[in-house]
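Both of the next two complexes hold chain A, though its partner changes from chain B to chain C.
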Partner chain A sequence: MADKPVTIAQKRLLDVKLAELPTWMTSCDFTPNGILSAMRRGHDRYYNKYINVKKGGIGGISMLLAGYVILSYIWEYDHIKHDRWRKYH
Partner chain B sequence: MMLNFFDQFASQSLLGIPLIAIAMLVPWLLFPSPYKRWLNNRLITFQYWFISRATNQLMLPLNINAHKWALILVALLLFLITLNLLGLLPYTFTPTTQLSMNMALAVPLWLATVLIGMRNQPTHSMAHLLPEGTPTLLIPILIIIETISLFIRPLALGVRLTANLTAGHLLIQLISTATFVMLSFMPTIAMLTFIVLALLTLLEIAVAMIQAYVFVLLLSLYLQENV
Partner chain C sequence: MKRGEMVFIKEDTICMCCNFKEIFYVVLAIHFFDFRIRAASAFKGSSALGAGVLHASRSLHTSQQSLAPLPPLPEKGGKVRYGLIPEEFFQFLYPKTGVTGPYMLGTGLLTYLLSKEIYVINHETVAAASIGIIIIYGIKKYGPSVAAFIDKLNEEKVAKAQEVKDTAMKCLDQAVQNEKKEQWRVDGRHMLFDAKRNNVAMLLEINFRERLHMVTNEVKKRLDYQIDVQNLKKRMEQEHMINWVEKNVVRSITPQQEKESIAKCISDLKILAKATQARATV
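On to the complex of A and B.
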């Protein structure tokens, strides 16, 4: 089944072919407003898929908290790499 | 083994963004706003129930003029509870361990209650400086003592929150280090220490919630005297 012809700027990342990747990156909106709206869209997608459902359980929030823990680890990695078990190896 | 136990309280920054900025934005992510539907999702329903119970409890002893403070007090309560509880997750940073932040929360709110009292009913708020039924000779001393106690309130509010959370985090770190170190050569003692660690973590969860509540409760008490 052939895809409908759409402009490259409107495609989602997973639909972009590898050869088209550089042109897609340049067509992205990197202004602060653009970044904010991209974050908003990402947040809405996550929220509507995992939290805003009829019988949402603990999974939606837990994934968010796990992501926060991993993010904090990345932020503190430069400092944590100095912790060690023994003084002399 | 950590080189310095106090390093957990220094906010690291990556790409110029300090971790404290992210840590303070996370509570906003966790409290979605309800929308115009008959039934919201479970998260919003649960939060709404909690918020309405908390508002009711908090506003019960206050008269009608103080109900203007409902939004800021309950928002403060939610913010502090979320920040404290999130700080118990591994590798996360607790902004409420920083004295600067707690004083920034305590001083303006306390000052607002005092100024509201002084502006609207100056005699009544001045009268709080002298408890009823004091012997005549003690009056000058007591007024000085009550003024000092009035000015120490913001300091006490900020330092109480900071000290409780910092002490809790430090204790958890110390006891967990001890458990790890003793695991190789004294496993039984390590198990006992681990049980202490488990109990301490439960205590920390309770302290996190209680401290936030105490902060807001005291503010509402100061408001009650002054409005």
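On to the complex of A and C.
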């Protein structure tokens, strides 16, 4: 399905094959500008898909909130560890 | 690293350190979630439901060719199942696992998290469950009406903008029609020029006749003057001649002649009187 040869750097992550992964990693743009633009791109994609529509649903913000909940659980895990019911799993 | 433990994902690297099949799915799941978490937590959720927010994210005139008019907003957002999981995930797993694949994945994931106590059940779980129930109940009950209300607000805004646009369009249409009418009027300019030409011709004619009139009057006056002068001359000559003749005649009658003529007249009168007297007595 390779219609035209696309350079590795331009491929999106889901299209990168496992073998090409290190090459893809090195071709990433890790300058502050690059990181900022990557964040801006991600934000734009999410925003335009779920929020910037005529009839948005609950999914738009609920996914953000769920993500926040999960992230805060991950950050607090070291503290929550002590509430575990069993010592050995 | 213990077996079964996972290194959480940094950047986009996938480090797998165990070979349970479900771990593979779990890693995939976390990969997806991590991507979304990264993107979502990078910025605060800075928008409300609906499309009332400034379209800062849509590309402004970054390229030479700007898409004017802007394409309209999509009607519905990306589909999300159960309010939490995008539909693309289900479609992604459908070819390999069918319809129940993601649900089995979810069940396995939950079991794993609970059994290994990666998700710990404590007082927070109870709190989360209660709040979750209330939230879901609220959304199910009042969601549609709130959505309808917000849609109505949006409709009003759009209707106002549309009205402005319609008014502007109408005005411009009217202006175009007026312009066309003016252009049509231009086609009649030859009639206008004919009328003007007629006016000018008439003015010239009037002027010409006025001057003709004036010339005639002046010439008549001059000729009348000449006639009067001639008449006067003739009259004066006549009178002068008569006077001169009278004067000469009167001068020529000498006193002598005057006495003789008077005596003759008296004698003539006497004779006449005698004749008449004689005739009267007879």
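The rule we apply is simple: the second predicted complex is superposed on the first by the 81 of 89 C-alpha atoms of A that agree within 3 Å, B and C clash if a C-alpha of one lies under 4 Å from a C-alpha of the other, contacts with A are read in each partner's own complex, and residues count from 1 in each chain.
What we mean here is this: a residue touches a chain if its C-beta (ideal position, glycine included) is under 8 Å from a C-beta of that chain, and two chains touch if they have at least 3 such contacts.
Note that this is a predicted model, so its numbers are computed, not measured.
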item	value
Touched partner set for A:64, first chain B, second chain C, both or neither	both
Which of chain B and chain C A:47 touches, first, second, both or neither	both
Partner chain in contact with A:79 - chain B first, chain C second, else both or neither	first
Comparison of chain B and chain C by chain A residues contacted	C
Partner chain(s) touched by A:19 [first = chain B, second = chain C, both, neither]	neither
Intersection of the chain A residues that touch chain B with those that touch chain C	43, 47, 51-56, 60-61, 64-65, 68, 71, 73-74, 80, 83-86
Chain A to chain B touching residues, read off their complex	43, 47, 51-56, 60-61, 64-65, 68-69, 71-76, 78-80, 82-87
Interface residues, chain A side, partner chain C - complex	13, 21, 25, 39, 42-68, 70-71, 73-74, 77, 80-81, 83-86, 89
Of all residues in chain B, those that touch chain A in their complex	1-3, 7, 12-14, 19, 22-23, 26, 29-30, 32, 41-43, 86, 89-93
Chain C residues within the chain A interface of the complex	8, 11-13, 33, 35-43, 45, 47, 49-51, 53, 55, 57-58, 73-80, 83-84, 86, 115-122, 124, 139, 143, 147, 151, 154
